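In what follows, chain A forms one complex with chain B and a second complex with chain C.
Coming up: the complex of A and B.
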């Protein structure tokens, strides 16, 4: 099985769409400080009011997660995982595939894991580059806080991959599945910070992207132990969603 | 020799009708529902003081109605555009990906007819989805904020401008899709067009100093449409025909390109 997973990751690494995602992530990462060079004081004040911290670094983290990484994640998810099994069905390859000595559940889960691994690789590389590059660009930048928040956010961003993969097998056809994944993910991303604007945290309970950014409410105080809560919640989102996809695949007709 | 059992025109009419029926899909109903939900959800926004303040401070929205509408117009563009993108995949990308394109292109149907038969009903359905959204937005504004600050004429003009802008973006995407042979790369292209449209508005939050007044009025979508609400009808009177003409010209280019596609290698 590890051979299969390894090959899946290698295949993805060669795909042009993966190179494009990596290039977009890198470009957004490097160009981003330009967007944050001179924010208006009124916007800094708003961010300080909503979140925790001393202003410009808080605003930087908010914009980094909201403007950059959340949006990149939504698109990457459907591009990486939207066609698992739906592609093979559209090409008429499923009977051949199901005649191979691999269970349907395992096939789905290995390909989903491959897409997740690749996304994590791109995200982690980008984050490490950011940790080296941003201290020279952003005043008040704290690499430890950045790395901690990015680690939690990786699990939320990766949820786009799990959701898109599962939606593909739930709906069976790629185009409606990708469209619904994109609309759902846009809604999640659009409402990720709603609990902070409104002061009602329950508005984010069922939104994985809220859990991915929730540390911004205690940016100056959180410890590594505080990261475990959101990560655990996000893992539950991943497992439940992937299990739903695996169950649907196991019940597929020939 | 084959014998023709139906006259040529009747066969084409059948084909056109089949495409028209195929253009209406389940996701159009869902997209309309999403727009209605957006219309209701945005209605709540001005009631949250920190959100209302954000839109006043950052985008210079004068009242609750404008706060609702700036979010409505963004939602309208996003939903209509992305639903349209997935509809347009059916023209070239999905058939190429699933190895059906050569079959379509070798049928005794001209490429122009193939394109027009797919695009016209799709444009009609998307317009309908957009109008359902606009009706929901108007109802949402009147229900949550009342009629005092609501300018019906400007709202109709601006909503139609947003739909026309979506049409231009979709015409660009449709042309670009003829050079793409799989869904994933097509979505990358579509994302680029979308980001290019909405990025200036997002950047404006953080770097208003980068924008000259003229630039700001042109690219900070959709706030620019609300800043000039009083002139919206005049802007639409010029903008609507202009945008639609651009969309038609781009579609004509797509028709030219499709005519040059090699059916054997497709």
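Coming up: the complex of A and C.
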């Protein structure tokens, strides 16, 4: 299956939509410090009150995760994976592809894993560019904290891919599936910081995007070990959601 | 010798409809076998069952000894298939698409590149090897479809209406390819069609299907002699009209 997965990633790398996503991510990454140049002091104080750390860097990380990467993730996930199987079905490609020695379940999982791998590649590249670029733009920028938080957030952002791919096979039709994915992801993203605003962490238990940003509550103290908890929770989200999609596809088998 | 395809009482029912009704025949290695019937006769359903894409309601079948239900992945590994109706990914080129299909068989590296070159040459696709499939005519698309069916050097080839989109020269070339594959590589070819002249050109043995039931199976010349029909289309019409008359009497 590694041969098929490798070919899937190579095929995705040539796809126009991947180039669009990469361009959008790069634009968001580079333009972001400009938008955050002179935040009002009241906003800085608010961020410091909700989260952890000193003013400007805390606000930067909050805005970077909430306004930038969460939105980019939701958009990218849907574009990348929203049409898995539904697209091929609509175009009439499935009769040919499903006659090959790959079960439908495995076909779905390889396609989904390929989209996740590509998303991770784009996200990681963007993060590394950010680690080099932001110290020159943001006062008090801490690359280690930024990289640690981005590593955890990658698993939450990638969940957009898993959810969109699974929704596509659950509903079977691309446009309704993409709309429902967009609504669901928008709700997740919109409520990701709710536990910080309200002080009730249980509000985020079932929200992968909360787990993706949860380290912002202990920005000055978290260690690499602290990253493992949210990552493990997020992996469970991925596995359960992908299993649901695989189950749906397996029901179509014969 | 193990038959390439061995079908015994294969049946597929959809509620009250018998799409395929107790079909039995065998195809030997190296044989080009014609599977004839009008649209809706059950040809595609039979082929899909043989590839394990749909589950039979009754009966058994094997492809080179591999059971089509319990060992369908092994069947697909040694088979090539061209569906009657399909589309190719518009954004891919023949080279990238054939590489993609090869990867589904676990094939990679130099052998795949050589195989793709061989297939592109075989079907005269060298000049369009890096052009997007979206711009291809139906005849060119069919050639790429045939090429993908051969990417894994199949021992059994299932072709569902392969000549329907081809012009006369393309059809003639296809029949020559099929004959060559059977003769030189021992590939068993089951090809379904409702174009009766293709059968006479390519096959020695045929099965004639009508509303899911097998009307006749055997050597084409013997069947023609048996029913006193000099040509394939006469044979087919005689059998089908006889079956329809029988159905009316029964009704």
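Quick note on the criterion: the second predicted complex is superposed on the first by the 252 of 254 C-alpha atoms of A that agree within 3 Å, B and C clash if a C-alpha of one lies under 4 Å from a C-alpha of the other, contacts with A are read in each partner's own complex, and residues count from 1 in each chain.
One rule holds for everything that comes next: contacts are C-beta pairs under 8 Å (C-beta built on N, C-alpha and C of every residue); 3 or more make two chains touch, one makes a residue touch a chain.
Bear in mind that the values here come from a model prediction, so they are computed numbers and not experimental data.
**Student:** Determine, for the superposed arrangement built on chain A, whether chain B and chain C clash or fit.
**Tutor:** Taken together on chain A, chain C would fit alongside chain B, as the superposition shows.
**Student:** Which holds for A:16: it touches chain B only (first), chain C only (second), both, or neither?
**Tutor:** Both: A:16 reaches chain B and chain C.
**Student:** A:218 contacts which: chain B (first), chain C (second), both, neither?
**Tutor:** A:218 contacts neither chain B nor chain C.
**Student:** For A:95, using the defined touch cut-off, is the partner it touches chain B, chain C, both, or neither? Pick first, second, both or neither.
**Tutor:** A:95 contacts chain C only, not chain B.
**Student:** Please work out whether A:4 is in contact with chain B alone, chain C alone, both, or neither, and reply first, second, both or neither.
**Tutor:** In the superposed model, A:4 contacts chain C only, not chain B.
**Student:** Specify the angle subtended at the CA centre of chain A by the CA centres of chain B and chain C, expressed in degrees to the nearest 10.
**Tutor:** So the angle at the centre of chain A is 90 degrees.
**Student:** Name the chain, either chain B or chain C, that contacts more residues of chain A.
**Tutor:** Partner with more touched residues of chain A: B.
**Student:** Just the number, please: smallest Cα separation between chain B and chain C in the overlaid arrangement, in Å.
**Tutor:** Superposed model gives a least chain B-chain C C-alpha distance of 9 Å.
**Student:** Take the contacts of chain A with chain B and those with chain C, and give the residues found in both.
**Tutor:** 15-16, 91
**Student:** With touch defined as at the start, can you tell me which chain C residues reach chain A in the complex?
**Tutor:** For chain C paired with chain A, touching residues are 51-55, 69, 72-74, 76-77, 79, 81-83, 85-92, 96, 99-108, 145, 148.
**Student:** Within their complex, state which residues of chain B touch chain A.
**Tutor:** Residues 25-27, 30-31, 34, 48, 50-51, 53-54, 57-58, 78-79, 82-83, 86, 89-90, 94, 97-99, 183-185, 187-188, 191, 195, 202-203, 205-209.
**Student:** Using the touch rule from the top, collect the residues of chain A that touch chain C in their complex.
**Tutor:** 1, 3-4, 6-8, 11, 14-16, 91-93, 95-103, 254
**Student:** Which residues of chain A touch chain B in their complex?
**Tutor:** Listed in rising order, the residues of chain A that touch chain B are 15-17, 20-21, 34-40, 42-43, 46, 49-50, 59, 63, 67, 71, 75, 78-79, 82-83, 90-91, 174-176, 178-180, 182-183, 186, 197-198.
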